[in-house]
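There are two complexes below, and they share chain A, which is joined by chain B in the first and by chain C in the second.
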Partner chain A sequence: MEDFYHSTLSTDLMILSYKDPESEQKFIEKRQKEHLPIKKSVLTRDTNPFAINRPPPKPRGNKKRLPVPPKQSHKTIPKLLKIDVHCMIKEAIHSKQHLLSGIMALQCITSERPTVVYSKTGVAQWKLRKDMPIGCKVSISGPPMYTFLDKLVEIVLPRMKEWHGIPITSGDQNGNIAMGFPASALSLFPDIEGNYDMFPLMTGFDVIFNTTAYTDYEGRMLLSGFQIPFTPRKKMGRKGRINRN
Partner chain B sequence: MFLQKLRYRIFKQNKISFFSRNQPISQKSQSDILNLLKSDKNEVHEGYRIVAGIVLSRTPIILRDPHPFEREYYLYQQRLEHIHAPPFPVDFYFKKGSVAEKKWREKKEREKAEASLAFGSRKTKNKTSSEKNGEEETIDSSDVSSDEEEIKIANKITSADLTNDVKSLDRALQHTLYLIVKKPRETHSWQFPQGGVEKTETLVQAASRELEEECGNCMDVWFVGRRPIGYYKYDYPKCFVKDNIEYKGAKVFFMAAHIFAGQVKVDNKEIIDFAWVTKQEMKNYVHTEYYEAVKDMLSEH
Partner chain C sequence: MTNHFSYRSALSTSIRGLLARTVKKSKPKSEIPGSQNANITDTRYQIIKRILYETPKPELPKMTEQDLEKHETIDRAWKLFLRNQQEERENELAAKYRMLNEANLELEKLGSRLFNSAQIGNKIMMFPRQMKIPTETPPLNGWNYDYKPPSSDPTKPLSSDPTKPLPSDPIKDSEPLPSDSNKVSS
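Showing the complex of A and B:
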């Protein structure tokens, strides 16, 4: 799959993701704008002694500050950096032993050892306290990543029921695309299918594709190049309406 | 990497070229006359006819053969990984005393004996590095299921390779194949399929129409984007210019496309022959000047 990327996909992505100089400049300026300090105050960032050696202020509102893309070149062709697989196990609140099942499942499907995730904050309603082990995650890159992606695309996704693809709205505006899987999807992996009985607890899990793309559009283009399906926006609306009824 | 860099630069240069649909044609006296002369619906720029060329390619179907050094490297990495891997949890995967466990243990013993006979030549059951070389991967999978059925591995060199049938798409599976067509004339006869852009058309529309006209509608083709990937300008030969004064030459904008299925049907009017060739083979067909102009947008693989 890595070879396929280098021989076929990267060339096509280069052609498809090309921006003409004008719109590229516009895009870069738009991103740069988010990084400017707030200008309302009389003192600018250069003259304000408070601002010296401090990080720039955050933008107002619930906005993220997105990185400024470099000028496009052969190095900026979107590429898959790593895949994060993560699962949160609710049952682990009561007994930590339930974590083991999730850890083993993730290790089976990704062939790498997961790390335990501890809760950052406590939630009283769930009886969750701070620093309790609550889930596990693993991030894979290189050949294991492509092996995992291959398994996902060839075996798991086609066999998933009532799933039409990743919603087209998913993404963090910076080319990283995430998707969630139900517990039933875990049993579709060939590594788990064989000894399904050995896992006492099946959990849902999230897969996050980290790409070097700077927009969701480019990230989606890369993933659909790897044959991951996306649902078009129209279909989603219709489906949503049906579900509500 | 370097090659890609070079190709990118050329790709970019072509993009910034002066031609754009919205731009008014320059108001020079010469082009004014030409504009008046131009009676048909073809797109013209500074006396040159605008032409859409199609770089129709069949992408590699199988993985390329690794370089001997690469092969050695991956084998070494694989052995290292095997040594440092945590022990296989037999109890987790097999029930104690089951037939499957017995079979697996027997297989492991056999492997061990073989490994001691020829150190390093044996492929271990390691999935991560097996995707590097496709041949060994298939061997691996056949190993696993050898009990149930034998998996036959198709030969990498097909019959079309042996007979050197350039019209077949099942040839040179490791490389990208490009479609070139032959026109009924003596010089510059072999080239990519191309045709003039009409006034109301975009480049993609013109390219797909020309492809259908010249090569038949029996192909499943996908155009990669709506932007051209290459540009080539040439002057028509003098004898040709005498006949139609309208054009000095042609400016060709190449569009990338992939073929998924189907085959070319020669119409025997505009083209008389076609061939699917790799970049290296193309040198023998097309004119040197033409090859120099198009070589940088073609894939080395």
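Showing the complex of A and C:
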């Protein structure tokens, strides 16, 4: 997979994601744009000597400031950096040992030891307290990442029931795309299929693909090169509109 | 690389045997919910806990000075090989990018309809689904000579559009690609 990326995908991606200087400049300016702050008094920050080390003002309307991409070159081709596999185990609320099954499963899939994730807030409705071990996550990069991707694309994804592809609108506006799997998907992995009885609890998990792409569009392009299917929305109306930038 | 037989589970055969034996022991004769189920899971969890946290760490091999020297030279040689490979790739990509850029600038000077259409591109630009990722070994079923591309289906994604750029042949990759900057939208 890695060789395939280097030999075929990277050159194609370079050509496909090439932007001519004008549109590139527009995109960089869009990302660099400083939105209006909530309080107008903040606009006089430069003249005010008391405001030197204050934190930057919050933008109006909950607008995010996304990272500014570098000037494009042969080094800025979108590349898969790492894959994060995360598993939240609800049963761990009443008994911690259920976590072990998740940890074992993730270790079998990814060949790396996962770390435990603790809750940040408490939710009384689910009897969750703060700093309670509630899930596990593992981050893989390099050759293990490509083998995991291989397994996904060749074995797991084709056999999943009632799954048509990642929705084309998925992504964090910065080129990272995530997808979730139901518990049934875990049994499709060859490492787990062999020892199915050993896992007391089959959990669903989610997979986050971290790429060096700066737009969802490029991230999707990269992942489709690895043969991960995407489904477009049937209605191309307002909600189905695809954001290129 | 994609040889399925090379996938090994993270558990060694001895540990798998241990687990299998305990699972057989702890299966109840009659399906009683509640306490019996809790009993099954207890034993398996104890074993998993033991495997994860209580197996002794594998010892590092003790090497003599000569062995260490050999190991280090091999390590350095491998890293050098990787470094050279990386440099080659980077130089190739840099050359291609330069050609791409120059071609685009020349096209801009001409100020033609082609340049304008090259700027826009396609809204959904993805690699085709039918693309085959090359594997190290051929498939078990052999080559499908009777393959027919699927008929146009409204529910299928638009990425199976034949006008999309096909993946370039690795053998022909040494040529610069000046004409590929014309991304003419269909």
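By definition in this document, the second predicted complex is superposed on the first by the 217 of 245 C-alpha atoms of A that agree within 3 Å, B and C clash if a C-alpha of one lies under 4 Å from a C-alpha of the other, contacts with A are read in each partner's own complex, and residues count from 1 in each chain.
To be clear about the criterion, a contact is a pair of C-beta atoms (placed from the backbone, for glycine too) under 8 Å apart; a residue touches a chain by one contact, two chains touch by 3 or more.
From a predicted model like this one, the values you see are computed outputs, not experimental measurements.
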Examine A:Ile103 and indicate which partner it touches, taking first as chain B and second as chain C; both and neither are also allowed. second
Answer with first, second, both or neither: which of chain B and chain C does A:His74 touch in the superposed model? both
So, A:Asp172: does it touch chain B (first), chain C (second), both, or neither? neither
Touching partner for A:Asp206 - first (chain B), second (chain C), both, neither: neither
Go through the superposed model and pick first if A:Ser224 touches only chain B, second if only chain C, both, or neither. second
If you stack the two complexes on chain A, which partner ends up touching A:Pro144: first (chain B), second (chain C), both, or neither? first
Identify the partner contact of A:Ser10: answer first if only chain B is touched, second if only chain C is, both if each is, neither if none is. both
Classify the contacts of A:Asp20 with the two partner chains as first (chain B alone), second (chain C alone), both, or neither. both
Looking only at chain A, is it chain B or chain C that touches more of its residues? C
For chain A, which residues lie in the overlap of the chain B contacts and the chain C contacts? 1, 3, 6-8, 10-12, 14-16, 18, 20, 73-74, 77, 104, 111, 147, 150, 194-195, 198
Sort out for me which residues of chain B touch chain A in the complex. 1, 4-5, 7-8, 11-12, 15-16, 59-60, 63-64, 92-93, 127-129, 131-132, 176, 224-225, 227, 229, 256, 258, 299, 301
Within the complex, chain A is touched by chain C residues 1-2, 4, 7-11, 16, 19-20, 23, 40-42, 44-45, 48-49, 51-52, 89-90, 93-94, 96-97, 100, 104, 108, 118-119, 121, 123-127, 129, 131, 133-134, 154-155, 157-159, 165, 167-168, 170, 173, 177, 180-181, 183
Listed in rising order, chain A residues that touch chain B in their complex are 1-3, 6-8, 10-12, 14-16, 18, 20-21, 73-74, 77, 104, 111, 143-144, 146-147, 150, 194-195, 198
The residues of chain A that touch chain C in their complex are 1, 3-4, 6-12, 14-16, 18, 20, 22-23, 73-75, 77, 97-98, 100-101, 103-104, 107-108, 111, 113, 147, 150-151, 153-155, 164-165, 168, 190-192, 194-195, 197-198, 200-201, 217, 220-221, 224-227, 229-232, 234, 242, 244
